[in-house]
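Labels run A, B, C, D and E following the written order; every chain starts at residue 1.
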Amino acid sequence: MKVAYFPGCTLKTKAKELDAYARKCAETLGITLEEIENWQCCGGVFTTARDEAATKLSSVRALKAAGNANQMLVTVCSACHNVIKQTNHAMNTDEEFAFKVNNYLGKGEEYDGSTKVMHYLELLRDVVGYDKVKEAVKKPLAGKKVAAYYGCLLLRPNSVMHTDDPENPTLIEDLIRALGGEPVVYSMRNECCGGYIALENPDSAKKRSNKVTDSAALAGADMIVTACPLCKFNLETNGSKLPIVYFTDLMAEAFDLKED
Amino acid sequence: MHKDNNAVRDEIIRRSGVNPRKCMRCGKCSATCPAYDEMEFHPHQFVYMVESGDIEPLMNSKSLYQCLTCFACVDRCPRGVEPAKLVEAVRLEVIRKQGANHLKADDIPALVTEELPQQAIVSAFRKYTK
Amino acid sequence: MQRIGVFVCWCGSNIAGTVDVEAVSEALKSEPGVVFSTNYQYMCSQAGQDIIKNAIAEHKLTGIVVCSCSPRMHEATFRKTAAAAGLNPYMVEIANIREQCSWIHKDMATGTEKAIILGKAAVAKVNLNAPLTPGESPVTKRALVIGGGIAGIQTALDIADAGFPVDIVETKPTIGGKMAQLDKTFPTLDCAACILTPKMVDVAQHENIRIFSYSEVVEVGGFVGNFDVKIKKKARYVKEDVCTGCGICTEKCPMKKAPNEFNMGMDNRPAVYIPFAQAVPKVATIDPNYCNMLKNGKCGLCAKVCTAGAIDYTQKDEIIEEKYGAIVAATGFNPISMDKFDEYAYNQSKDVITSLEFERLTNAAGPTAGKLLRPSDGEHPHTIVFVQCVGSRCAACAEKGKEYCSKICCMYTAKHAMLTRDKYPDTDVYVFYIDVRTPGKSFDEFYRRAVEEYGVHYIKGMVGKVSPEGNKLMVQASDLLANKQLHIEADLVVLAAAIEPDKSARPLATMLTASMDTNDFFTEAHPKLRPVESPTAGVFLSGTCQGPKDIPETVSQASAAAAKVIGLLAKDKLTGNPCVAHSDELMCNGCSSCERVCPYGAITYVDKEFRMPDRTTAIRRVASVNTAVCQGCGACTVACPSGAMDLNGFKNAQIMAEVDAICK
Amino acid sequence: MQKVTSELLVKKASELLENGTVTRVLGWKKGEFSYDLTPAVFESGEELIKDFVFSDFSGANFSKYLIKETKKADGKVLVFLKPCDSYSFNQLLTEHRFDREKVYAIGIPCEGMADVDKIKKNVGDGIIDIISDGDRIVVKTLYDGDKEIAADDVKAERCIVCKSKKCVAYDELLGDNGEVIDSERFDEVEKLEKMTDDERFAFWQNELSRCIRCNACRDVCPACTCEKCVFDNPKSGVENKAISDSFEEKMFHIIRAFHVAGRCTDCGECSRVCPQGIPLHLLNRKFIKDINEFYGEYQAGAEIGSRAPLVNYTLDDIEPVDAVKKGEADNA
Amino acid sequence: MQVNNGYQPKIVAFCCNWCSYAGADLAGNNRLAYPENVKIIKVPCSCRVNPMFILRAFQRGADGVILCGCHPGDCHYTSGNYYTRRRMALLFSMLNFLGIEKERTRVEWVSAAEGAKFAATMNEFCETVAALGENKRLEDLRCKR
């Protein structure tokens, strides 16, 4: 099975391993991530203002490039996922906005809103199925206590994202379990790490990050997994005692795809 | 209430798509906000002050740049008010003015570190500049 | 052709002052069908009525028109007059020449002219009137109460005390409902069991009351005074009439892992169980989902220990058919699920509980024998946070919770906070509120006592997130008055969950053709003036199935519903309003348009055989109006495209005759 | 895609007659000319081969015929449903007007029907016959021999603004099912709405004064299925069987449109059969447009059992005064 | 008949028994005048009013027709006026579509307590219709003859 894939800026630079393992693991599970052509950076943050059309064009072009009606567009980075999914929602629910955007795109290039945006994790749960993930595991993560960190972008706003229960998600925990690890549930897993503000107010970002990593440590985790490069950076920079790894890293390890 | 304030208020309401009149003043947005202590005006005050057209103080406040855009207030509001969208709409009111960019391109190099991922820079630009 | 008499009233000078009554009676003399016309000073007086009676006899009148005050004043009077003279009362029409004419016009010529036209319209209508006889239907003198909580109990007792047999149908193995689960009641703090259980006993012992517990209504047919109801008695695998309620089976049952519903699942009960000590009927019930004997035939211990021989593993569901004159819905409420509010971590921590669970935690018969202990570790909590309005007052667009105020939470939270501080003064109690709503006798005083005498911390603001960290619950909340974000380290968090109608209400409403609002509360026949009746005749509403209410309100409504039922059952026959819809089955298409607009469910369809013009016969679906249920609004007559549906007393032809007379 | 032709339908119908699935077939029957097809009941393969026609002139909607036909005898009736016919079919089922068990419905695609009047206008006098041939129409004339017209040029108005190519009811489908179309069928109504009161009055005065009260519109209408029409019923108070004054045709058409409001599927049969060429469908479309705008999109017959807008309500429906204003504001 | 200087339109008012008819009575009780050419026909509920009645009134020479019922939510029969509202919204829109002046038709919700509103409504409606003049567009000429 082939799905359209939007890697995003960070996966092409600072988070190359996230991208590489995402592709490898997908291949293992019988899915080819086909990078859409000529994609541009999504902008990293969704502007909720209804009169902001220009900043959302790259997302809309990606959605259109994902192919014909009801095709899936898969992302790995939580931020890209959030931006593209919210843009897609706006195209489907805000007629005025959609009209404006389609005017920008030009005649014949209009986007009809029919692409389905999926996070890689959702793909694993809804399309592949955890049972199949389990089958692919060669080196189970036995004994590893893994804390899933969702952050905000994967889950919220729930009325648009519909990823999981935004207050008590199980999406990543179920994956950890399928990989043979032991998920550690802690209360700050869906709270913001302050990544967006890392530049503006590093102190604030540090406070937020520490809350998250402390909570995970208190719950007895050995490591924290995330899908978001910004979260990873932010948690690491601010002195996390626990290692922060991408979920794809964990998968590659369990699937025995790591070369070292 | 000043007439001009009404115009700004209406523009902010239109831009955000938020109806602040739905607010029942429960304060759950502020209870939920992770950046509360960084802010001079808190999410519930944004809602109330936009509704009453008292927008000038908000525009002059650094609270505009402390919102983490984590959407927790949007999700947890029992009235579907979506305070974060109001914060953003007010912020745009400020930074869309000529020369009012909150983040200058010249400031960037000093802030960038080796490990800083692209998206941190991109998103900061998008949030704080026009 | 009718023989019509016209009687013009002067109403002293009220009419005669601006209307030339002589000219009116003279002018109407020449209208088609009019054989007699006169005027008199006070038509409604005895003398005036005698004029009418005499004229009816003397001129063999078949219809009369009285030109007088509003029909809302004296239509009933003149109908009685006609009836006394042997004329069908529905052959009387009133021309309102006082309120609509003499009182609003000053000029005699204008008033007279208009009075004549109004008289002509009334004559035109009477020409097409037909005698109407109200339909009569017998009344089955038995009531059905659906739901055995305090609402159903009170309604049943009141009806039974008036001498009518009543059946209570309750889905649980015992009556008592939510009130039986409560510890104390506000604002008087008397113990719920102490005031409820004697009533339950009264029900059990009342000669006029039968209890169908562990049963549900599965089918309702018929109409007011004549409902046919099927009740399914679920198999409880215990012979109700043999079981003595000794409880030995429940002690000996080896399967003790079934969650105890009565204690909100906070402890376990055996597979064979009696919900609580004061249950009515006090008989055991076997839970087929947990009983090993029923699941795999291995066990049978309860049958061995039962000296009365009451256990019967072969029992089957049983259908009981019964007739009722009136039905009372008393299906009650439940707290809503907290699944969509997990920022409060209800699904993540045992120490986040709902208020109803808190009731059980403080109740002497509860899982902790009345000691307030944390569910997670059995420790005494030192800091308790109460959160109000969880799921109440939510906007529809928020896609969770309910839009309405659940009404009871402010008071029970004050009660919980006060009782906690009273019994455990070392406990810090916080209540987060949006508004404190305490309208009710002694309610606000009660709330103030909680604050002023018991030192409960009331904080205006909402809790944003509850984070279980170690054995603590970190509560992040806003204090709006202090303009601060609070972080409280709590041991127990209690959520005042919104309440919603019981899930059984919606299918029941469908069976009863009773209407519901968008929240699944039953709608009342009139929100102000008929609050305990459903728009469907013979169906009454008791308790929270109609809307959120506390115990005193529930009991008031329960008794009010009972009074309405008694009023109905006291009649031997129901006399209908004869001005009801009637369908001409030769013209009816059977299209269901009329049925869909009928607010009373008065229209049903029957397949009837008709002779076709070509002498063959064909089965056609035609509408049939139940005259006992129809209230005569006429909505169906306009929905009917073929004109088959018409309304007695206000027939299409009659109204058009009035239109013609007025426009001439 | 399988091309649906007379031959294919005849073959299908004959098979179903033969294997006993159905005992009668509702179909279009050859008339004096090959363009004046009439609805007929066929009971044998021979009859079908002889007279059954499916062409650009098979506009007639058979749904209504099922009411009587299903009552006549036992056994199933075969009916061919074009997409627009299938909506009428469902609407009649919603109103319990016939027994679904006694019908075998075959959905057929439709590319639009021709308007004979348009052809006549196009070609002029002396038409002997009109033969439909794929996307062309051949007109045989007395004086000029054969003339060819593109079928698209003489398409019926209702087909130009076709609302749906999707069969919504059938037991069996021939060819591929189409989609609901976002058509421009309300444009004409909008044009009228934009006129002044006086202009509109003049327009309708001109149109409706031509009415000869032949009742053809009513007789063909799949929504007008009353056992007895109010206008035929002496008891209704509005009985009038013939045109007698300037008002009565207005009353008749307003009431008729009102009676079918919310039930009319916009099949356009009323205008097709009107011998005076009155655009009666505009009245129905006005109601449909208003219903869509006031109460949300509603397509009668799209599904069985749906609640028609006039036997439904919400607590915050538009007030009549605003409803009338709305039409105006939209036009401003 | 009294000779009026100004033109007086013929108005038919359908009033529901429970609210509007009572409102009209109240107007009478309080001696609140409205034009004599308003004639009231009592119906049990506004939902009893068939479009045919309204057309019939116009046909027979009425210049304006007004329909009065309980306020939405207050219907004695709970839902009757909701149906009225839909039916009349569509009917009036159609009449307007046919070129009949929209001011000639009206639905007004009048409660039993609103005597003053009833009188004021009738006065205002008569004035509006009077300004339009005689109804020629929907009148049965035959009846005039």
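Observations on the model:
Keep this in mind: a residue touches a chain if its C-beta (ideal position, glycine included) is under 8 Å from a C-beta of that chain, and two chains touch if they have at least 3 such contacts.
Predicted model only: the values in this text are computed from it and were never measured.
In this assembly, the chain whose C-alpha centre lies farthest from chain B is D. The interface with the greater count of contacting C-beta pairs, when D-E is set against A-C, is D-E. Chain centres here are Cα averages; for chain A and chain C they lie 51 Å apart. Centre-to-centre separation of chain B and chain C, using mean CA positions: 48 Å.
Chain B and chain D have centres, each the mean of its CA atoms, that are 57 Å apart. Between chain A and chain B, the centres computed from C-alpha atoms are 24 Å apart.
Among all residues of chain B, those that touch two or more other chains are 72.
Within chain D, contacts with two or more other chains are made by residues 230, 236-238, 310-312. Listed for chain E are residues 51-52, 56, 73, 79, 83, 87, each touching two or more other chains. Here the chains touching each other pair up as A-B, A-C, B-C, C-D, C-E, D-E.
Taken together, the chain A residues at the contact with chain C in this complex read 159, 165, 167-168, 185-188, 191, 215, 218.
Chain contact summary for the complex, chain E toward chain C: residues 1-2, 10, 12, 21-22, 24-25, 27-29, 31-34, 36, 39-45, 47-53, 56-57, 60-62, 73, 76-80, 83, 87, 119.
Interface residues of chain E facing chain D in the complex, by the touch rule stated above, are 51-52, 55-56, 58-59, 72-73, 79, 82-83, 85-102, 105-107, 137-142. On the side of chain C, the complex with chain A involves touching residues 339, 341-343, 345, 347-348, 399, 465, 467-470, 474. Residues of chain D touching chain E in their complex: 189, 192-193, 197-205, 230, 236-238, 244-248, 250-251, 254-255, 257-258, 261, 283, 286-287, 290-291, 294-295, 309-315, 317-321, 323-325, 327.
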